[in-house]
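In the two complexes that follow, subunit A is the common piece, with subunit B as its partner first and subunit C second.
Moving on, here comes the complex of A and B:
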């Protein structure tokens, strides 16, 4: 007790937060770090594709003896060309832009709406909770494909007029569905946290409900949320690919991974590279995402502490 | 006698634990956790609250702070009826009343630094304070409760249980409250730490003049810190008296039994002292006994106890007891 007066003048000690602990654990997980590196590499390549001095993604190379050629490093066609004579490598990168962007946007939407919705429902409880979660149930019970077809049939022309493409509808449709799981997860977390004593302490200190949700509840359910987020991204990318495969997603001349695979599959027996390379890139990316998710789960799981 | 800081009148907290059917049916079951408790608390006074597990001590503490809804009764704070206050007015009053919890670590948000935790009650009421002022005040509070002020950027999990309880105390006193409800603040701590925390609370009370409601199982600690002591059983007050008369001259059979169960740190006396051993367990609060709730385990129970709940009547200066057969140990 006597050294208190000396300690007042001592420099402040830096604390080690739970996040810092988790980061350290994550960095010790080799698979997760490799996943993160691959993911960053793919993302950077996709974003930087226009500046790499590659072929134009829409340019058809008429000088080839046949339009679709296997990988040829001399001509700079690393993945070969598709059946229209366009550079598959560039198209894969540009397609990656769309796929990753859809994944990112839909995940952000799900993060924002899902977290707030779930935390509010779980925190307020009672009738409010019941009503909010029934809305989630109703959204859940909508057949997703039917919902997308309906959207593009009714709003497609308007969307193309306003935004120049109906990609917006895809974001809208995927976003509208992907926050539901997040809301449920956050609600469950919130209910388990809301009876904790530190929430009661905040109440007793006169902290408003909104600040309790944003300062105390949401930061404490972020662990599972971050993990679930890394699992949402691949799920959304797959959904987008699926829609594009069905012809309801991205339209020509744009591309996405799903569309490239769909096109490649048509000429699989004569030009296998057209389906193999886009698929391989997508699989590697999704695998990397899942490794990162696993690593995050291990790093944030309180049971390991 | 000065005017009471807090005056609790016939306070009732009931919980409906019954299952509700989809269409309004279903069984209803009501736990009367606190049932008609009245007492006054003077400024600067410490009221000890003792009783078995499940007798409503913690519920009473939270109900006083209006952290739980009341089913009846009034809590009057400096002449102001709290149950009639608007939520906003109530929130403003919260700077005057605080609570310290049983589990020191669980009462601190694991994602916030100790500095943020301690500052929260203050920044809630004075959102315009400059960060530097907040920091100075927090450091002063940390020094006051015996923590190293340079550790304000650390997180709760980096502290021991006793230190966490000190953090909880610092958070409670930062707004200079007039009342602190201490909900078993030391029962999760090591014995040597218990003494430190209790003495810290007593020192702070002397310095800042706040009232304490001290909830505990531990009769020895309650005796050490309290000016008056209230004994609860199944949500009802059995006996309330100033410390010395309650410990030296308990009039309620339940208080006498509790008192005789306190271990004495001397093996010879401990072996030969007369112990009143109660039979059975605490009755289910869902279905409390008729009349006096204690009659099923009371050595003095007679027929009238099953029929009439005894009133809390005066039995001497500052001594009230609720028993048909109140009297010193035979």
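Moving on, here comes the complex of A and C:
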């Protein structure tokens, strides 16, 4: 009797959840934490750009002795001005809003399509699975960037009228391109998890389906998906910049990092800062995103215990 | 093996057909005809033009005609460069693009694989950090940032290479390097990871245990096995080089097909864009196929029959 009462009154041992473990591991990864800090800083600066008391991104400063001046802290032009006499710092931040937003939205599009496609294929299995993944294989071997260029070159003007903005087409085009890997990853996860012993064990010990899905399948699927998402964002930002660089992505008066780099590269012999600063900000952000993604992968990979 | 090759070749045909079909209908569904941009032509002249280019026929018939011509190697007339057919334009640009791409891929493999192997052999030394750093930078610094920055540093500041122009051998240096860097990064990362794995494997331990000299262990056992992922990455690498060449040719003003593609997309030269997309698609499919076949020939674990 006494033994039992001790056992009952003993405080419950607090188990470490998968996510707490992952968080601890992530926090031990210096590169990932620094990446996360830089990323948060850049994001906050971009979002908060209108409230920082900076110059207007469209305002041309006619008081300068030449339109394009190098960085000048007294006048508040931290990155200098572009060839039209506009503040490059604030333009870089506004461009960052667009680039980051495109990265986020297109990743969501790819997440939605990829997860649905992959989970359906993996769950149904058999012939349906074969056919669905064959389609993915075919898409995979297409040079997709050319389709994106084709799409924005041929349907761009129409889409701009239809949606009232040129951005929607870019989200859709890039998102539609980047869902393939996500579909493969989710399918692989679904299949491998469905047949794992711990699922069987859970079944055998009478755990309900709902609890198996929430406690076992989703957390095990989520790791790779989250990791892959963080790695999709920089890839999408790159694709968008690639298009904007060629003049087929974001259109004036909007700007994005790719567009700023493209504009800066044109006048680089007289105003090198116009290409250096936007490039640097973009590269630092992409590096940070990649470090965060790698850190998450290491933190969430259960094989690594 | 022969069986597998034939099966894969036959499998490539539907993929290629999808590429042609998708790009053809995408281009045809674009608003505005190819003659819209010019001075308003009289209705009967336009009708005559439409008839000459077979644009007055129903779409399926046009598509059948296009496929029929394509099989005979005829990409149709260019809408923009009136005196040229698309095939002629492609033949004008292709040798340049091919030379550029092949040099870039050769350099990428050479440097990337060497760096990857040494990084793995000397893990956690300066050469490893150089390898990891290169790999990371290559992901985050795209072609269109590398190219202007290199022009700025090596052309405008150091005067090592000419900034503009085309024709001299020294004009080739920057484009090739700019095209190769992202792939150097990819090959380094891949080789390093696979080499690290191989070095820990049982057969390398066995080779060492039986007293083989270290260099024989490495050259005859470890490196051979470690290069397998590199072989299978060749297909995607070539696809990436092709994509990159579009940007690089645009930046450096190189008269290759990548440039024609971008100009064609901007000028709405639909047949040219269509032709280049089909050509690139075929190229990418072919490279993937070759990489897969090489993989099968090289890896004793793979049996297709």
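Things worth noting here:
Going forward, the second predicted complex is superposed on the first by the 252 of 305 C-alpha atoms of A that agree within 3 Å, B and C clash if a C-alpha of one lies under 4 Å from a C-alpha of the other, contacts with A are read in each partner's own complex, and residues count from 1 in each chain.
Here, a contact is a pair of C-beta atoms (placed from the backbone, for glycine too) under 8 Å apart; a residue touches a chain by one contact, two chains touch by 3 or more.
Keep in mind that this is a model prediction, so the values were computed, not measured.
Once the two complexes are laid over each other on the shared chain, residue contacts for A:246 go to subunit C alone; subunit B is not touched. After overlaying the two complexes on the shared chain, residue contacts for A:197 are found with subunit B alone; subunit C is out of touch. When the two complexes are superposed, the chain touching more residues of subunit A, out of subunit B and subunit C, is C. Contacts of A:206 after superposition: subunit B is touched, whereas subunit C is not reached. In the superposed pair of complexes, A:220 makes contact with subunit B only, with no contact to subunit C.
In the superposed pair of complexes, A:51 makes contact with neither subunit B nor subunit C.
Against subunit B, the residues of subunit A that register as touching in their complex are 1, 4, 7-8, 10-19, 196-198, 200-208, 211, 215-216, 219-220.
Against subunit C, in their complex, subunit A makes its touches with residues 138, 141-143, 145-147, 149-151, 153-155, 157-158, 234, 238, 241-242, 245-248, 258, 261-262, 264-265, 268-269, 272, 275-276, 279, 282-283, 286-287, 290.
Listing the residues of subunit C that touch subunit A in their complex gives 14-15, 18-19, 22-23, 26-27, 29-32, 136-137, 139-142, 144-145, 147-149, 151-152, 156, 163, 239, 242-243, 246-247, 250-251, 261-262, 265-266, 268, 270, 273, 276-277, 280-281, 284-285, 288.
Those residues of subunit B that touch subunit A in the shared complex are 62, 65, 67, 91-92, 94-95, 97-99, 101-103, 106-114, 120-121, 124-125, 139, 143, 146, 148-155, 157-158, 168, 171.
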